[in-house]
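Shared between the two complexes below is subunit A, which pairs with subunit B and subunit C, respectively.
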Partner chain A sequence: MADAQKIVDLNAYRRTTAQGLEATSTLAVEVTRETSNTKLTDLTDLYEKSDQENDFVSVVTSRVARLKQQLHEAKLGDNIDKDDAVSLLKAELPNLFALDDWSDGSSAVILALHHSLRNSKGIALSADQYFAVERAVGRLLQAPFLSFDNGLDVVDELKVAGFDTDPEEASILYGLLNE
Partner chain B sequence: MSKAFLDTTIVADALLKRGEQHNNAVNALARYDEILLPVYAIKEFKRGPLRAYIWLHNKVITTGSWGNAVECIASIHTHKNLSSTAIKAVADFTSALEAPEGEDFSGLRSSSGGTFLQKQARIWLKTKIFGAWRKLNQRPFQKTQNLDCYALVAPKQKSSGIIDRGPYKCTLGNCCVQMQLLDDQEALKALEKICKGSEKQEMLKRAKVLRHIRRHPNSNIEENKCVTLGDLVFALQCPEGAVILTTNIVDHEPLSNALGKQAVLP
Partner chain C sequence: MALELDDFQIITGVLELRYPDHFLIWDNSGAFWQELANELAPLKVKQAEPNGVSVRIDKHAQAALGIDRASITVTKPGAHCERLKELAIKIVPALITKVKIDQFSRIGMRVVFEKAFSSREEAAKYVFENTSFPERKDNLMNVSGQGLDPELGFRSESESKGYSVKILARQGRIVDFNLPAGFEQLQPTQEELVKNQVLIDVDYYVHSVTLADQVSAEQIVDGWIKVIRRDLTKVING
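Let's turn to the complex of A and B:
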């Protein structure tokens, strides 16, 4: 009998196979839990899984989808909801950047988001800025391997929305290099 | 219709600087209907500020550390008295993302082999370099006054991560600025006169180059002489109806006035 024909219960088969597939099974349970909304998955639940257990795209999908959802839902709330969603995003950016497999284009977006929010010094974002941030997070979700040119497009959108995407050391650095 | 003919200082302010100088440049550009970007300004921009950013980017890769790369700046600019406070402020990079704590992130190294901070510096510098170059080819900039002797080649990233800046010198035969000067003897003489009458060293050097061009029309000038011409090229190439937009009004004004043209601040 061919191996495929022995599989009656796919989940049972997954549990009994190699570690790689075990991870897929665990992730599937988690996704079900999130979508069924019976218990809100805390972000720390996701971070408890090491990157070895979940492949990069799955991890990104889980983490970024959650952030995108928070930003989206907060739009229906008041200013505190929106500001809180932005704060949660800001706090998650180091963890996102730390993931190893982003393309340089996606890394550029994460970094630009960080400096944009940092340079805003905690002041609530304008509607345009909020939209630009939500859109940038959406691009990360859609394309974790964003080309560098497309990444620059997203950075430009943040600038157009009025963000300063450079680190504050940039001015001193320019002086050191050129004047 | 108002036209601005951009000097390299405005290009650098608009594309690489941040804060007030950046805002001034960008606001100034918005006041003109046409933004003319001479290729000579791109050449100077690439040879100057952009080259410095590319150098630092590559240094971040080869040293494997942002702090070490920044320390190297002082070893390159030995003629300048660089502020150690400024170097420390940049090296500390306190505005950077902080590396996450916890087992998963301890000793974190990026896929390119560097540290968390190094990766951020590399990505940010890459964003600045390629972002600036890309903008030169976008609206509102309209490239003008091509240089036949200069190959305008975009920086490229190699598989090693190093950015190859491409040629920043003229490599395609005889100097076309020299040709333009020889074609406009009146301008050549007027510029030579104003340079000769100046007390500034750089103007006197220009006067020598102009004299050489006038007296030896058949001998091609070298790259360093073309570089010496500098601001003078903007006065020569600025078309009728346009003004030279520059932050360096002190140097541009006498040159542009000598040819009946105008240089303005942003």
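Let's turn to the complex of A and C:
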């Protein structure tokens, strides 16, 4: 490097004010304690798992995680694998709903999943439907305290995928009311 | 000798939630405070500025809402921060639904434990004897004699979580002790208004991005105070 290139113009590091050049410079990199952490918090970072198996966080991080994993793995398998994974989910949903600590939004998602799968009457799910179910379970796993509005967004995704998310009995009621 | 947390009582509990600058507080702050006023009436405004409002909830509790953070501060919150939890259950959901905070950059719980002593020297001695305070030698930095008001602090962090602990001995004075007219004979002496105490100030936090839909204030306060009570002496005693 030529010697001329080694010359640093200190004024380039000084802030210009109306009165002229300010004495302060920013030659050193500023270090602050606030760092921009972009890592997404894991549930186990936020909540302490208790020794009890039925503890809410333990259930979410073990049983819901297992259901999500099964749905994910079956996606790569054949229709029988997918059907098995969906059947397991179907059997587990009433137990999940019985837990106390879900938010209103998460309860709405569990209920919608329950009715969606019941109303499909054992017919194999389409790819869109399977994806919507997996996504809904993933949302419960990631954020079990969904606000009601965000929960309804997930329910809407199930509806868009072609599910009937209301209880079967409700359609009879709608029919009677519309008569 | 090892420090025992059972000798201490919690004098302050704080739950602080930080978020990226949230300009909607200028629109939604009123709705947030009104909802809390309906639930926790009567609220008394302590300070109100464009970038933040702080409110007194009762004699022992106050809450603040700012452009980048909100906090709940409770003095004498209970052995397991029960009062802090009661307030957090009401305030945090309102923060999410009314102010429309959808993610937090840091959630922290700060708890201050206190043990009272009869003299300043005794308090200092307790810190020297029960913590890993570095060995003191006379005349270092021109300080000699029995050390007073020692203070020891440290921090440890992982990618998502962290804690900082500060242990200190100090002498404080009760300044706002006013008796009603006619009871002047009960006025304590100046010596009685002096407090010699050892404080352990713990800040336990998650500093990764937390979605609002992941937050249950009840479970956070409940779980974190258990963690603090379980591990704090191990952190200090090694």
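Annotations for the structure displayed:
Heads up, the rule we're going with is that the second predicted complex is superposed on the first by the 117 of 179 C-alpha atoms of A that agree within 3 Å, B and C clash if a C-alpha of one lies under 4 Å from a C-alpha of the other, contacts with A are read in each partner's own complex, and residues count from 1 in each chain.
To be clear about the criterion, a contact is a pair of C-beta atoms (placed from the backbone, for glycine too) under 8 Å apart; a residue touches a chain by one contact, two chains touch by 3 or more.
All figures in this text were calculated on a predicted structure; none of them were measured in a lab.
Of the two partner chains placed around the shared chain by superposition, subunit B and subunit C are both touched by A:Asp101. By the touch criterion defined above, A:Gln69 reaches neither subunit B nor subunit C. In the superposed model, A:Asn150 makes contact with subunit C only, not with subunit B. When the two complexes are overlaid, the chain among subunit B and subunit C that reaches more residues of subunit A is B. In the superposition on chain A, A:Gln142 contacts subunit C only, with no contact to subunit B.
Residue contacts after overlaying the shared chain place A:Arg118 against subunit B, while subunit C stays out of touching range. In the superposition on chain A, A:Gly175 contacts subunit B only, with no contact to subunit C.
Residue contacts after overlaying the shared chain place A:Asp164 against subunit B, while subunit C stays out of touching range. The interface of subunit A with subunit B overlaps its interface with subunit C at residues 47, 101. Interface residues of subunit A, counted against subunit C in their complex, comprise 35, 37-43, 45-48, 56-57, 101, 103, 105, 142-147, 150. By the touch criterion given at the top, residues 47, 50-51, 93-95, 97-98, 100-101, 104, 107-108, 111-112, 114-115, 118, 148-149, 151-152, 155-156, 164-178 of subunit A touch subunit B in their complex. The part of subunit C that touches subunit A in the complex is made up of residues 96-97, 105, 107, 159-161, 206-216, 219-220, 223-224, 226-227. Residue ranges on subunit B touching subunit A, taken from their complex, read 12, 16-19, 48-49, 52-53, 56, 70, 73, 77, 82, 86-87, 89-90, 93-100, 102, 104-105, 108, 110-111, 116, 119-120, 123-124, 126-128, 130-131, 134.
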